[in-house]
Amino acid sequence: MRLDVILRVSAKLMIPFIMLFAIYVQFHGHYSPGGGFQAGVIAAAAVILYAIVFGMREAQRVVPPGVVEAMVPLGVVIYAGTGVLNMISGGHYLDYDFLLADPVQGQYWGVFVVEVGVLVTVAGAMVTIFYAFAMRGRS
Amino acid sequence: MDLLESYPLLQTIAERYNTWAVILLMVSGLYIVVAKSNMIKTLIGMALFQTSVYLLYLSPGKIIGATPPITDTAFAVYSNPLPHVLILTAIVVGVATLAMGLALIVRINEAYGSIEEDEVVDLVDRQDKAEE
Amino acid sequence: MDSTTLIWLTLAIPTLGAVGIWLADRFPNLREAVTLVTAVLLWGTVCHLLARVLRGERPGTEPIEIFGGIELALAIEPLGMLFATVASTLWIVNSIYSIGYMRGNNEPRQTPFYVCFAVALMSAMGVAFSENLFTLFLFYEILTLSTYPLVAHKGNEDARRNAGIYLVLLLVTSMGFLLPAIIWTAVASGTTSFADGGILASAGLSAGAATALMALYVFGIGKAAIMPVHFWLPAAMVAPTPVSALLHAVAVVKAGVFAVVKVVVYIFGLDYLQETGASQWAVYLAGFTVIAASLIALTHDNLKKRLAFSTVSQLSYVIMAAMVATPAAIIGATLHIAAHAVSKITLFFAAGSIYTAGHLTMISQLDGIGRRMPFTMGAFAIGALAMIGVPPTVTFLSKWFMLQGNVTADQWYALGVIALSTVLNTLYFLPIVYRAFWRAPPEPSAEHPAHGEGPLPSVIALSITGAGAIALFLYPDIVYRLAEAVAAAAGGTP
Amino acid sequence: MSTPADPQPALMLADQLPALLVVVPMLGAMVASLLRNGALGYLVSLIVSWVSPVIALAMLWQVEASGPISYAMGGWAPPLGIEYRVDEANAFLLVLISIMAALCITFAPRSIASEIPAQSRGWYYAMFLMCLCGLQGMAITGDAFNIFVFMEISSLAMYALIAMGTDRRALVAAYQYLVIGTIGATFYVLGAGLLFTITGTLNLVDMADRLQPLLGTRAALAGLAFISVGIGLKLALFPLHLWLPNAYAFAPSVATAFLASTATKVAVYILVRFVYSVYGVEVAEAHEIDTAIVLLLAVLAMVAPSIVAIFQANVKRMLAYSSVAQIGYIILGVFLLNEAGLTGGLSHLFNHAIIKGCLFLAVGCIVFSTGITKIDQMAGLGHTMPLTMGAFVLAGLGLIGVPGTAGFVSKWYLIQGATEAGLWWLVAAIVFASVLAVFYVGRVVEVAWFREPSPEAAAPRPVPVEMLAVTWILAALCIYFGFETDISAGVPAEAARILIGGGADG
């Protein structure tokens, strides 16, 4: 056990709130500045903080590299998939009017899903970049 | 303010302070790219150069006293959102480029044992010569 | 069969022949049979067309548009007919000769050799029957490319270097000068088709521009070997003798002078040339080439080199006659294309036969060889007399018309050149004949053992062409009628 | 922009083609990187890269039949939203890119397997598709900023592709390309930013309209200058080409073939778009000196790299220098500012893509069979690998511009353009550069066919049938487009007529 108790305890306190803030920024992106990109970066920051404080091995046990690497393309698939769904229902690419029967609902849910895609990709990309650099030369 | 009013040229210069910031950043960034041999520093210069362009886009979009462009009866003046969206994209591109560049530098360091461009290029030339 | 099909056949037969030769790679006898059959079929097709052209027809194919008004089209006019007839006839003779030569010398890579030969003949046909400048250029370049491997055939350092010179010089001149000339012509006159009386008269070029254009053509058609773009021809002599014989005495070089004459007759037209005088400088340059090449020939002891420079000189006869731009001179030029082809191929056949039989390449080694190789040297003597222009050889006729053309146009310079070069020709050919027949042969040594005649196919071939050089003097009717038709198409006043 | 009040008619598949052309490769890339497996990644890219040409050809057909296609991204009508706009010029380019991608991918699997370690192959295919997505996006979009985004997507993918080369010099090449490429892209976005500031729009058609009264302003001209330099870096215009030779020389064979035949071509297209559509040809005509400088650079680009190419020991680097020279031809055609010249430039863009693609793929076959990269080692290859070298020779003839090959057609137009412009020294330069090509192509041919096989070349392992087939398809196309020029010269001629005549409405 190393002598960084303060760091560990405060990190344990902060990380849930950072995650929560990420989710807030994500969902509130409809009404105020924010959205998937910012939320993704914040969420990634939480993981990176965890890795810095508790070590790479611990962090990779919680958030395995395979998962984050898969998140990068997965988010884009969610994003682009929504666009393709619109096209299938007869709209332009990413024209959410056609996503659901009611265009207003379509816009709402369309943007929501797309932003989730952005969150997944950005968080995944940020953590992947961190892992890639931090693990270089160790394995 | 009196000083500015009595010298119109000075006023013209001062009014465009954002442009001066852009120019300063741009030129220093470009200089670093050209002059520095250390690859990390080159990338920093490159990032600086890109940042100056972000400012070039963003600063004219800000209107003092305006709000985000969300329609509401209480406000009439909105900032132009387009530059923000564009530059958000550009920042992402910049991050990706930086990550790519750094990754390459790590690999170059592993392959050549140096991140000084002069030394690396020297080794490359030597390998070229050895082949001929 | 209609004429269009026949014209396409002249391209298709050698192409298919090339494929057939390639497929028969493992069976030399079959391969040679394919070569001969192809040559005979081609000759037959060309003769068919010849009969029709002599009846006054001008058959052609439908043009195929390539891009922006540029068409691939074939059409037969008398000059092309003459060239095609000469090339296809001599191909048969040359194929017989090649068999003897290639087997006699155990040459490697014989299949690619025959394949390239067939492709070269195909492109010679294409050049002959081209309806416009683009088609001419297309086949002209294929001819260059297909003969490059033939020149590099031996594969040693010397052959590679000389083949490099050959390829680069011909490609450089054609791309550097001929292509811009063609595009200039197309832009100026709106067409690239050959037409009786020329197409440039109405293009509105100034006399200076016409002169420059003529210069682009004369230097661009490097195969015509006017100085200073002649040195590919001596370089090409590293090739096996059948190549030198058919290609560098007939197909390639004649494609060059043929193209020059064709440009003079069907692009510029004699009227236009007489009016602008755009070709007068070329008369001087060609005259200089005739004399200079003859003088250089005198200094060469290597038999093939001497023949090569003699070819350079004789080609410039044709160019000079064409540039004089009178109908009689055009007849002379046209006749000389055929006359020189038959005579020079005989000389090359003889040189190759000497090489196969005794491995001799130098003139100084030929003492008394006429006694060992009477047929070969007899044919050589006929060829030599033809180079000089002594009757009863066919070149007498062509020189006659050239002289006539020069006199009517008051071209005393050209007249003088022909007279002087006749003297020079005598000086560099007759000593060989004298040496061969009247000097005593050296004692056989280990280096040069006693030998007899060359291989039978070679002797047959050179006897045929030697006889041909005399026969054409006695029966020039067909060739003359074609030449007359060319002159009629050229326009111009005597 | 749509509201509930104005319901739009539902779109058919045929209307969705412009979006699909970009979305399909992008999704393909994501699927490939999710799978992370060489074989599956290959399967995905094979499907995607053969769907793209179908889409592109369908669009070319639509454009020929009924004029330009406009596609509003997200239903936001131009000029507010991002518009995908397809006309003769870029439909033609899209066909080229997608076909080259399809052929390269078909060629790829065994070449990749021999050059790239197993764990990276899935990523390789993902990057390839991302690059394809970026290039097609650049070509199809009608939005100045979107061009930048796609430019960077394709460039980032390219850096990764180049860095995957087997030699460690590939890393340095990728790094140098990254720095220069980023500077280029940033210059471009700077220029676009200036235009955006003065016109208030990013839509190219709209920008062209609004720019008309502002053409004389310094900001407009500075914008053009920044864009030209930025694109000049991307397309390796002499003397901004220094990144290119090493990048092409050390990238994996298939990547080199694909990049050489498409990447610089798209950059040329962007330049043409700005010079002819956004600014209009009059601007270039008015600034004679600047145009003359570009022409001079183009001539230097044709001549100097050709001379350098003659002395290269590495065959891939030789071809890379030749690429720089051929870009000179294209730029020359573009800046002759007449129809014949522009036709020649665009047509050479197409023909050179095919020729260089064939040459690099032939080299790919040679590397696969023998590992040879140096010209000296290629001695005797003509006899031990006759089919591969045969294709190399045919494409080499096209590079020289021998009549009956694709290269001849475009050079004819270029010379015609120079003749019509009365610039005789340009005719001489074009001809001289072609002559230089004789030397560097001839050198390989001579070594390969007329020398005794070197030890490396003596016993090559057989070339897989798909590699030979693709190489020969391209070699056959080099000849085919020398005779049948409806696509390779007809469409460019039409595009040139529109670009010169009608501004952005093309």
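As written, the chain order gives the labels A, B, C and D, with residue 1 at the start of each chain.
Throughout what follows, contacts are C-beta pairs under 8 Å (C-beta built on N, C-alpha and C of every residue); 3 or more make two chains touch, one makes a residue touch a chain.
Note that the coordinates shown come from a computational prediction; the quantities given were computed from them, not determined experimentally.
Enquirer: When I count C-beta pairs in contact, which pair ends up with more: A-B or B-D?
Expert: B-D
Enquirer: What is the chain whose Cα centroid lies farthest from the Cα centroid of subunit D?
Expert: C
Enquirer: Taking the mean of the C-alpha atoms as each chain's centre, how many Å separate subunit A from subunit B?
Expert: One centre to the other, that is 26 Å.
Enquirer: Taking the mean of the C-alpha atoms as each chain's centre, how many Å separate subunit A from subunit C?
Expert: Measuring from centre to centre gives 79 Å for this pair.
Enquirer: Quick one: report the Å distance separating subunit B from subunit D, using the average Cα coordinate of each chain.
Expert: Here subunit B and subunit D have centroids separated by 28 Å.
Enquirer: Rounded to a whole Å, what is the gap between the Cα centroids of subunit A and subunit D?
Expert: 36
Enquirer: Can you list the residues of subunit C that touch 2 or more other chains?
Expert: Correct list: empty.
Enquirer: Give the residues of subunit A touching no fewer than two other chains, as numbers and ranges.
Expert: There are none in subunit A.
Enquirer: Work through the pairs of chains, note which ones touch, and then classify the graph as line, ring, star, complete or other.
Expert: Chain contacts: none of line, ring, star or complete; other.
Enquirer: Can you list the subunit B residues touching subunit A in their complex?
Expert: Within the complex, subunit B touches subunit A at residues 68, 70, 88, 92, 99, 102-103, 106, 110.
Enquirer: Where on subunit A is subunit B touching in the complex?
Expert: Against subunit B, the touching part of subunit A is residues 31-33, 37, 129, 132-133, 136-137.
Enquirer: For subunit C, which residues count as touching subunit D in their complex?
Expert: 64, 66-68, 70, 72, 134, 137-138, 141-142, 145, 149, 152, 155, 159-160, 163-164, 167-168, 171-172, 175-176, 179-180, 183-184, 186-187
Enquirer: Quick check on the complex: what are the subunit A residues that touch subunit D?
Expert: So the residues of subunit A in touch with subunit D come to 69-70, 72-74, 76-77, 80-81, 83-84, 87, 89-98, 103-104.
Enquirer: Sort out for me which residues of subunit D touch subunit C in the complex.
Expert: These residues of subunit D touch subunit C: 343, 397, 400-404, 409, 411-413, 415-416, 419-420, 427-428, 431-432, 434-435, 438-439, 442, 446, 449-451, 482-485, 489-490, 493.
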